[in-house]
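Consider the two complexes below, in which chain A is the common component and chain B and chain C are the respective partners.
== the complex of A and B ==
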């Protein structure tokens, strides 16, 4: 006990609690409240009581189905590719003796670039007329491709989203790898375990708690992904087929001014985030070593 | 240990102070808080600042200006300020549906009320410009400085090069599209995912004229047939090859550049587009042509005045601020100020001669407005935001036939509350 009086401890904790209350919990509960009242426009006062009307609309709305499907697909792909590739890279970088710092910086670099800049960059890659990809195709005498067509747009949006955050998970996993005691590897080496055996029987089991954290982060991240998809294909372009839960919530709230419905979608995102995190918790139980 | 204690106390104090910092009330009596959309990259930001600097010596109060470029987030902040009683004293803002709720809450002072005490207030503004400012309660609140116009911008040099007829009527417009569709020039620069707004407006206006364009349907029976005809034209034009292949996904800045770089022959846009066009001499502005059989006047355009300076009730009721607020708006809406605001992006709200450095395209636009047999306000000034956005977001589907126009119009009507 550092302080004899608890009052001092409370005084120190109060500012942080105040901020969390004001900027997180109160808006969250207000958001639930807003979803039951008609609010046409930002900063408009709650109007008519709608009851569960917005929640019923949620089940009927074809765009929310598209957004949910896309977000779930994004979730699976981020777990497989983002965390997967980050894991492979982390294991490889951990195994090399020279140049580890260089790779650490290179792989982490996309994280520090703003999503807006990356989005604009990919816009220039995908542009049909004079875009980088079509210029490359043109140099080989091939016809230009419509990269953001109905068939390919979703994939073209998911690629940069997955790419940007690989570095984030890479750093978390690399830190986890650094925490594995070297004597375990040394003992295993004496027993003849090298290469893949070393990875499968020592690294992965000892890293499972860190991987679990990464999986939970990628699940919640994919549910609220917004910036890159919105910049590459605003308003779910083309034809609203590339909406994600985050972009659709923004669209409903800020573009349509349908604040009550936007609040309902926001609540759905939170609920889904909790549900999926719990599922992951259940399947990947925390292990004590 | 002692250092750590001091550090923690400093941190806690700074956090606590930042809590208190958020508890300020809007504006002191000794300062005039002003807000406008002439901030950031707005083409009039420099002129606005110059007028503001000149005003500082004339007004007794200290001017605290919080101008910014306009977007949906900025509008939300403004509305939130009004909702929390933190509104500015003077604001340059939109009229019509954007301020409907604020007017109901008596947040602004009408010009009629101001003129009872200041009879010369805004007397230099033309009757025509003021007529656009009239709200549904029959009163006017905002003083306009510049209007806007929408039209068909063309790269005339491309028309000459490809022997395409100038789009003075529907036949020549269609003929020009057919000619350009066979070349590597995009006939009409457009982005359905981002800003199809001006094409929607103009195609519907082109199909049915001002009477049909001006309705705000609440039932499907009230939707004019010309709306359907105008929307059907999206598919017809797309099938003709009028737009680039990526029209459903490309974005407004890219299509705008495509026109400015001479890669597209035409673009439908507003007066704000004119200032940024590099080839002012070879670019021409036409009224969007009327479809065959339409009653739309050939010279009619979409345009008008939709923004202006308001004095808030809060400032008016404050004896220290009333005169300063009037002085501020009077300076900002003087003939000299209007000439400055109009030269980069719109028609002047006063009967004045344009500055000699006014861009050629703006001059063309002002001439277009002067010659127009009718100037109609955009549809989004009448439709609810939700209804208008449902129409905007459906255009990609309408243009490729994946969305039925009847369904689109039914959705629009259901959201137009």
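== the complex of A and C ==
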């Protein structure tokens, strides 16, 4: 009776639809279109038709190989360490009676800090002259290390990315653990399942859906990473070896002005995100209990 | 008796691990905070002790060399407006989508859900051209428009989950008393949706405040810099001035820390709300 007028419904929905269409859908399809044309500069209109040449470049470009490799490495490491450490912490916090809220508050804190600030902070740790890490080495009488060198830079960028978001997955997993009914544990205890057995035979299977959500989130998250790598190693320093898909797309488009190629990289990021989350969906579905 | 001792031993290990991780999480921030009260040369030589003679010089430098206040104002203005419009347009849309029935409804819902698939990279080049064409480069509005679009779908999905579970009785009696649809939205729906509105408000605000990517693409003049963009600038210009860097980091963290102390429960709930729903 109240909710009959179609006009009112459209008026209420219109602003949101407008934003989604104008700033997401139309640009998304324009971006695909752009990747087939030559675009000379950010303000320029699409020019000559290039066909698939940008896509061919994509397969030949050594920097994109580096960026892809780095992003995939980041993906694997975030799944293993972010979700892994978060899972361990969540199971531990679930087992204690006092202080759970304190740990939740502390572990979650880095997430709300901008990656820009975290990046600057880690720059202070990594600095060659008088950085925190080299001071620690100095205290043990060791020589200072160039932390952002060719060999170690990638690891040094991935560490803060993983570190910052552990608390996020921790909270999701902890909520999942709290949702497991206690009588499941009680009957398991009667059957003699305690400690590690309980974790492997009861907790993990019952948590598998939440873990799946975490894995998908960390996959899409690692493809989106931009701020931290950009602050710690701008332009893929040194020599472009620390580019990730996101930073390389920004670099190609806004630093080199190769707009059509940037569009192609952007599309690749979308496709990768979809492909990888589908793989995880399939892979983890078979393991459901 | 024996069981009790094994239990307390395992509790000891559990707490040790948790406390160790808590230190790993918090220590970097404390280190930066303590060092922000030292001169750069003291940080270089001894960053692990308390400041020999605490100084505010880094903060004075930060405020003198950089227009920190203006950057804060820019950040709050952008994040505040983004938050307001996401809440307003988002709640209107989710209210209509959970109450009205019309043919296009499934399509509209799909539209919002599907838009979560696009990372900012996939849309930013055409959006940049659009903003350029509208003459909105270096303006707050340019960033706000992009960020509204970037948050509204997620906000609608979270809000719809809440609103669809609200009972219709209140709305019906308000209708019988002569309220029109907008009045019902304003007087009934918004007040009872406070919990979900606060979650959405929090994640939208923080996301906007921390979103360096959109900010450095649209804001290219110092006058329009947000606090994150300014920080990016400081790091490339004064990267060797450790004291200044430390104080700049602290200045960015402080407002967020204050908000977190008061609203931590809501913030944690807000930022994980959508994720848990899957």
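By definition in this document, the second predicted complex is superposed on the first by the 270 of 289 C-alpha atoms of A that agree within 3 Å, B and C clash if a C-alpha of one lies under 4 Å from a C-alpha of the other, contacts with A are read in each partner's own complex, and residues count from 1 in each chain.
Note that contacts are C-beta pairs under 8 Å (C-beta built on N, C-alpha and C of every residue); 3 or more make two chains touch, one makes a residue touch a chain.
Just so we're clear, the structure is a prediction, and the values are computed from it rather than from any experiment.
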Practice problem: Superpose on chain A as described above, then tell me if chain B and chain C fit or clash. | Solution: clash
Exercise. Could you say whether A:123 touches chain B, chain C, both of them, or neither, answering first, second, both or neither?
Key: both
Quiz item: Is A:89 in contact with chain B, with chain C, with both, or with neither (first, second, both, neither)?
Solution: second
Quiz item: In the superposed arrangement, which partner chain does A:28 touch: chain B (first), chain C (second), both, or neither?
Solution: second
Quiz item: So, A:16: does it touch chain B (first), chain C (second), both, or neither?
Solution: both
Quiz item: Is A:72 in contact with chain B, with chain C, with both, or with neither (first, second, both, neither)?
Solution: neither
Practice problem: Would you sort A:180 into first (chain B), second (chain C), both or neither based on which partner it touches? | Solution: neither
Exercise. Kindly classify A:240 by the partners it touches after superposition: chain B alone (first), chain C alone (second), both, or neither?
Key: first
Quiz item: If you stack the two complexes on chain A, which partner ends up touching A:255: first (chain B), second (chain C), both, or neither?
Solution: first
Practice problem: In the overlay, answer first, second, both or neither for which of chain B and chain C A:108 touches. | Solution: second
Exercise. Could you let me know whether more residues of chain A are touched by chain B or by chain C?
Key: C
Quiz item: Now that the structures are stacked on chain A, which of 112-120, 202-210, 220-228 or 256-264 shows chain C clashing with chain B?
Solution: 220-228
Practice problem: Could you list which residues of chain A make contact with chain B in one structure and with chain C in the other? | Solution: 12, 15-16, 19, 42-43, 123, 127, 129, 234, 254
Quiz item: Can you list the chain A residues touching chain C in their complex?
Solution: 1-3, 5-6, 8-9, 12-13, 15-17, 19-28, 30-31, 34, 42-43, 85, 88-89, 92-93, 95-96, 99, 102-117, 119-125, 127, 129-130, 132, 135, 163, 167-168, 171-172, 175-176, 195, 209-210, 213, 217, 220, 223-224, 226-227, 230-231, 234, 245-246, 249-250, 253-254, 259, 262-263, 265-267, 269-270, 273-274
Quiz item: If you look only at chain C, which of its residues touch chain A in the complex?
Solution: 10-11, 14-15, 17-18, 21-22, 24-26, 28-29, 31-32, 35, 43-48, 89-90, 92-93, 95-97, 99-102, 108, 111-112, 115, 117-130, 132, 145-146, 148-150, 152-153, 156, 171-172, 175, 181-182, 184-185, 206, 209-210, 212-213, 217, 228, 231-232, 234-236, 239, 242, 245-246, 248-249, 252-253, 256, 260, 264, 267-268, 271-272, 275-276, 278
Practice problem: Sort out for me which residues of chain A touch chain B in the complex. | Solution: 11-12, 14-16, 18-19, 40-45, 123, 127-129, 146, 148-150, 153, 233-240, 251, 254-258
Practice problem: Spell out the part of chain B that touches chain A in their complex, as residue ranges. | Solution: 8, 12, 15-16, 19, 72-73, 75-76, 79-80, 82-83, 101, 186, 192-194, 244-246, 248-251, 254, 258, 263, 384-386, 389-390, 393, 396-397, 400, 402-403, 417
